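Shared between the two complexes below is chain A, which pairs with chain B and chain C, respectively.
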Partner chain A sequence: MLKTEPPLDVVVVGAGVVGAACAYYAARAGLAVTVVDRGPVAGGTTGAGEGNLLVSDKEPGPELDLALLSLRLWRELADDLGAAMEYEPKGGVVVSSTPAGQEALRAFAAQQAAVGVVAEEIPAERLQELEPHLSPRMAGGFHYPQDAQVQPALAAAHLLREARRLGAKLITGETVRAVRRRPDGAVLGVETDRRRLDAPAVVNAAGTWGGELAGLAGVHLPVLPRRGFVLVTEPLPRIIRHKVYAADYVADVASGSAGLQTSAVIEGTPGGPVLIGASRERVGFDRTLSQEALHRLAAQAAELFPVLADVTVMRVYRGFRPYLPDHLPAIGADPRVPGLYHACGHEGAGIGLAPATGLLIAEQLTGKQPELDLVPFRADRFPAA
Partner chain B sequence: MPTSPSDVPRYDLAVIGAGPAGLAAAVTAADLGLRCALLDAGRQTGGQYYRHPAPGLGAARPDRLHHGWSAYTGLADRLAAHERAGRVGFLGGHQVWALERTGDGYAVHVTLGPEAADRATVPAAAVLLATGAYERQLPFPGWTLPGVVTAGGAQAMLKAGLVLPGRRIVVAGSGPLLLAAASSLVTAGAEVPAVVEATAYLGYARRPGVLAAVPAKLVEGAGHGSALLRHRVRLRLRSAVVEAHGTDRVTAVTVARLDADWRPVPGTERRIDCDALAVGHGLLPQIELATELGAATRTGPDGAVALQVDARMLTTVPGLWSAGETNGVGGADLAIAEGELAAHAVADRAPRPALVRRRARLRAFAELMAAAHRPGPGWTGWLRPDTDVCRCEEVPVARIREAVEELGAGDPRTVKLLTRAGMGWCQGRMCGPAVAWLAGSGEPGPDRRPFACPVPLSQLAAEQRAAAEG
Partner chain C sequence: MRRTPAELVGAEPGPAHHIDFDGRPVPALPGQSIAAALWADGVLAWRTTRVGGRPRGVFCGIGACFDCLATVNGRPNQRTCLLPAEPGTTVTTQEGHGRADLAI
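And now, the complex of A and B:
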């Protein structure tokens, strides 16, 4: 017999950073929330990547709107949780190695400025003031003071701890095996391998596995994995001050190609290690270490920061970003199943976009008008296969 | 693009680790006609058991500290002959950081140390993993004091350089290595006021049938025993060092009795003065290179995760073989037997039935011994909230408990992400077992980590080339 629990307002499936943010904002709005994860907190993609909170890499559009809202929310959250989450509003520096690249950055920054992204052009001769160890061979760059960083696993864990202080419950080590629905299709709750949870709303925050969860609720959502590796160096003194990356990164992020792309984003962390990542390739859930990806990340890092050639790489992170074919997440109520909400498919930006996602979901759950238009994020935008 | 490793002639077999298992495997495989590379992170062959002083040190008679030294010189002579004939290339100072499966074989990725500018890749049709084991550490208050060394480390120091970690050395923990270490220490002139063993020790000694079938082990045990008797070393069973005292260096330890679950029994503490403590709780197989490729594992009776192999020493990964401690800790004789068996299987030749029987006997004994020394769950009873569990990152017990109880970490990996325990230079080899216990998941499960050891960034950035033979 499965255990039954007192009825809830909402069940959040997934204790990654997105599920944690959904639980936090829902609990803050006064809802009775339970979060279920088959593993521990941050055991999915959240524990396998970096924590860049970027606006610099996004062109104007729905994702940038989400990112700007999220950055504001991260700043608010940081008032109380900043140190615990290792929040660092350090800013980003995007560099180009050719005058043509610099010209492209300039055009990109001009578009972004129109929607509120702050960017300052840095001529080649001033780059070393921002980043003393940067290779002198750069043609120029842009400084994005709004870019920030958190440690993703800590961020998820502390958001959940706050949610629990506000009354939410956390269940780890239980897999959701069914989404229960009324004959008319509306959500009744979920069933795990151990218990039944009754709730009129279920949030799909299952990350890269969000497509499977949608399937349990009878709907099609094509979330697919995009593999990434990150190199982690030995602890170093603060030789890298911002998040630094080469201009090609933006093209890689937006690329639809399945092939391997690497353009290293380099950043220091409060613990000391420098993170160099990340590669992107579509190879399903294949965990095989890609020698080519590691080689390229290392070579690019040493090209941007020649001092890094003398350091040691201690570890590699490997994860599978949850992506949807148009590179936008699925956020909000699913018009096909009353009571089903999606909060997944954030690809390589889920840490950055988590608070906005959580807030928007909580607003919908409590019947408020969401702060942003959710139409571009609707889950039924993909034709069934 | 980097040059493909397949452009250069590849070996029939790459053996990783030149301890008893790897040495025996390489010379046997060469006897059977295979062309082998024998790689080891160290400059010399011998591994942990046959560790010996570097040639320049002028140390006299390594055989004094070794049972079975002649077995080693026999293997080393055969290796030298094969090297001269070009059938085996011994690649010392080659630390393997990853195995990559190529179309029909392997690329063995090697670092030649932090000074080397280049990376090296050794191509081979098949790989034999003989990377041995490392010591299981269980923390206790004071374990980070200078003068506290590992039991195997004390043994290794003696064998490699003939230095003693102190004059009056308490030996503590659990497992047969304690007796070996104590016996070496007294033979080298140290005083050992006590050997403190957590178990009752009788688990396997009570099974004479098994012991009688393993004469070499008996002789070795008796050898240790008589040295210990001669030096009046006291064996304290069902006891543990629950604290090391001292400010700049260990000056004394507190020993307490343990109940059957290894929980310290209050009121039984007594202090023993010493200037060093050699402590160890058995060994853990070093198998990351294989688990990273998805090789299946088994949890042995000692709670340690080892590779799962079939009767031919083949892992569940095609072309990847394993011999010695990687299949479950069992000592040098077993390692040699498994190395020889694996070599026969790789060469597709039937081994002598006597070799198969010998291996089965030794493995059975190893399993018995392992069961007797499995740590009991009560050992965490000697921890205090401020005891550092991860000494690299200085993470105390209280922080790990907070991560588990308040932040939702239920496994060692999440504890690591939330506390940094296990992120330092040793990569969790020292704190891994303790973190797993405190995370509530009992003994640690198999670890999948892309890098078996740290790699200089410049070597990753360098183009791939094949390792020079030599």
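And now, the complex of A and C:
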């Protein structure tokens, strides 16, 4: 027998960082929220990635607008939750190994500056002041003070804890099997394997599985997995101050290629280990370890920071980024199904973009004008297969 | 008399040699792990934890838990339960991550 629960304003499907942010901002707006996840909190991609909050890698456009809003919200959230989420406003350093690469970075930074991204050019001879262990063979770099970092699983957990303090409910270990709809198509709630949750609004925060959830509501949303590996070193003292990556990273992120791409992004963590990530490739949900990916990440990291060549990698993990064909997430009301909202498909930036996503969804849910234009994120922009 | 695993299985190891632990000789048998040699000598801890500075030695003994780390021949974070106590091996008590020299 399915249990029936008291009526809600909104059900959020997914307890990753995006679902957690949606629940937090919705609860803060006074809505009655229940979050449901088939696994534990942060058991999906949120627990399998890194916590870079970046503007440095984004070109002007809708994603950068979202990132700038989100970084502002992360700073606000950090006032109370910063230590608990291991928030570190450490800034990013992008380096190039050739003068041509530095020229490309300069042009990129100039475009970004026009929309409010702060970047300072660092000539080669000053790079060691920022990063003493950096290879002396670099042609130059840019310092992006707005880039920051959180520990994603802690961030999701603390956002959910705050949401619960504001009255939200959390159900874990229950899979949403159906999205219930009225004869006219509007959303009535969801059915899990144990209960029925009635609500006039359902938020699809199912990450890499968001396409399946959209399918349960009868609409097409082509979310697909993009695999990434991360290397974890033995615990070290602070040897790297910023998030450091090579200029090629930006091209890799934007690439449409299915093949293996690696451009190491390197950062220290409060826990001690240095994280070296991440590769990108489209191989479905294949969990096989790719020696090639690990080898390339390790080699690139040692090229940037020769000191890492002597450091042991203790373990490796992998995750599946939720990507949509045009590399933008799906955020906001689905015009095809009244009451269905999407908050998924953030690819390799879902941690960074979570607060803005949550805030925009909460604004729509409460009938406010969203702070950003949501048209580029509309879920019906992909023609059905 | 002390009962040892070697005695229980009727092992007949070759002659003992010595390894160096924090500047003093510790006897070791051929094939013995560093951790076993230290234990046999009554040493139970050869590392301090990173945060609390608490003593650590062997826990699982089979390479899974990383409790038994020490600096071996100058290399920090080596699992002493897996490394053989070969003649000439130098083991140093490891303070925390053992990489203080890299800090900036």
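What we mean here is this: the second predicted complex is superposed on the first by the 385 of 385 C-alpha atoms of A that agree within 3 Å, B and C clash if a C-alpha of one lies under 4 Å from a C-alpha of the other, contacts with A are read in each partner's own complex, and residues count from 1 in each chain.
Everything that follows uses one rule, which is that contacts are C-beta pairs under 8 Å (C-beta built on N, C-alpha and C of every residue); 3 or more make two chains touch, one makes a residue touch a chain.
Note that the coordinates shown come from a computational prediction; the quantities given were computed from them, not determined experimentally.
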Comparing chain C with chain B, which touches more residues belonging to chain A? B
For A:312, select first, second, both or neither according to whether it touches chain B, chain C, the two together, or no partner. both
In the overlay, answer first, second, both or neither for which of chain B and chain C A:231 touches. first
After superposition on the shared chain, which partner residues are touched by A:336: those of chain B (first), chain C (second), both, or neither? neither
One more residue to check, A:40. First (chain B), second (chain C), both or neither? first
Once the structures are superposed on A, label A:90 by its partner contacts, choosing first (chain B), second (chain C), both or neither. neither
Should A:241 be classified as contacting the first partner (chain B), the second (chain C), both, or neither? second
Just chain B (first), just chain C (second), both, or neither: which does A:298 touch? first
Under the contact definition given at the top, report the residues of chain A touching chain B in one complex and chain C in the other. 234, 312, 314
Contact set on chain A toward chain B in their complex: 15, 39-43, 47, 153-154, 157-158, 160-161, 170, 172-173, 229, 231, 233-234, 271, 273, 287-289, 291-292, 294-295, 297-299, 301-302, 308-316, 318
Touching residues of chain A toward chain C in the complex: what are they? 132-133, 234-239, 241, 272, 307, 312, 314
Quick check on the complex: what are the chain C residues that touch chain A? 50, 66, 76-77, 97, 99-100, 102-104
Residues of chain B defined as touching chain A within the complex: 2, 98, 100-101, 107, 109, 114, 292, 294, 393, 403, 406-411, 413-414, 417-418, 420, 423, 425, 427, 448-451, 454-458, 460-461, 463-464
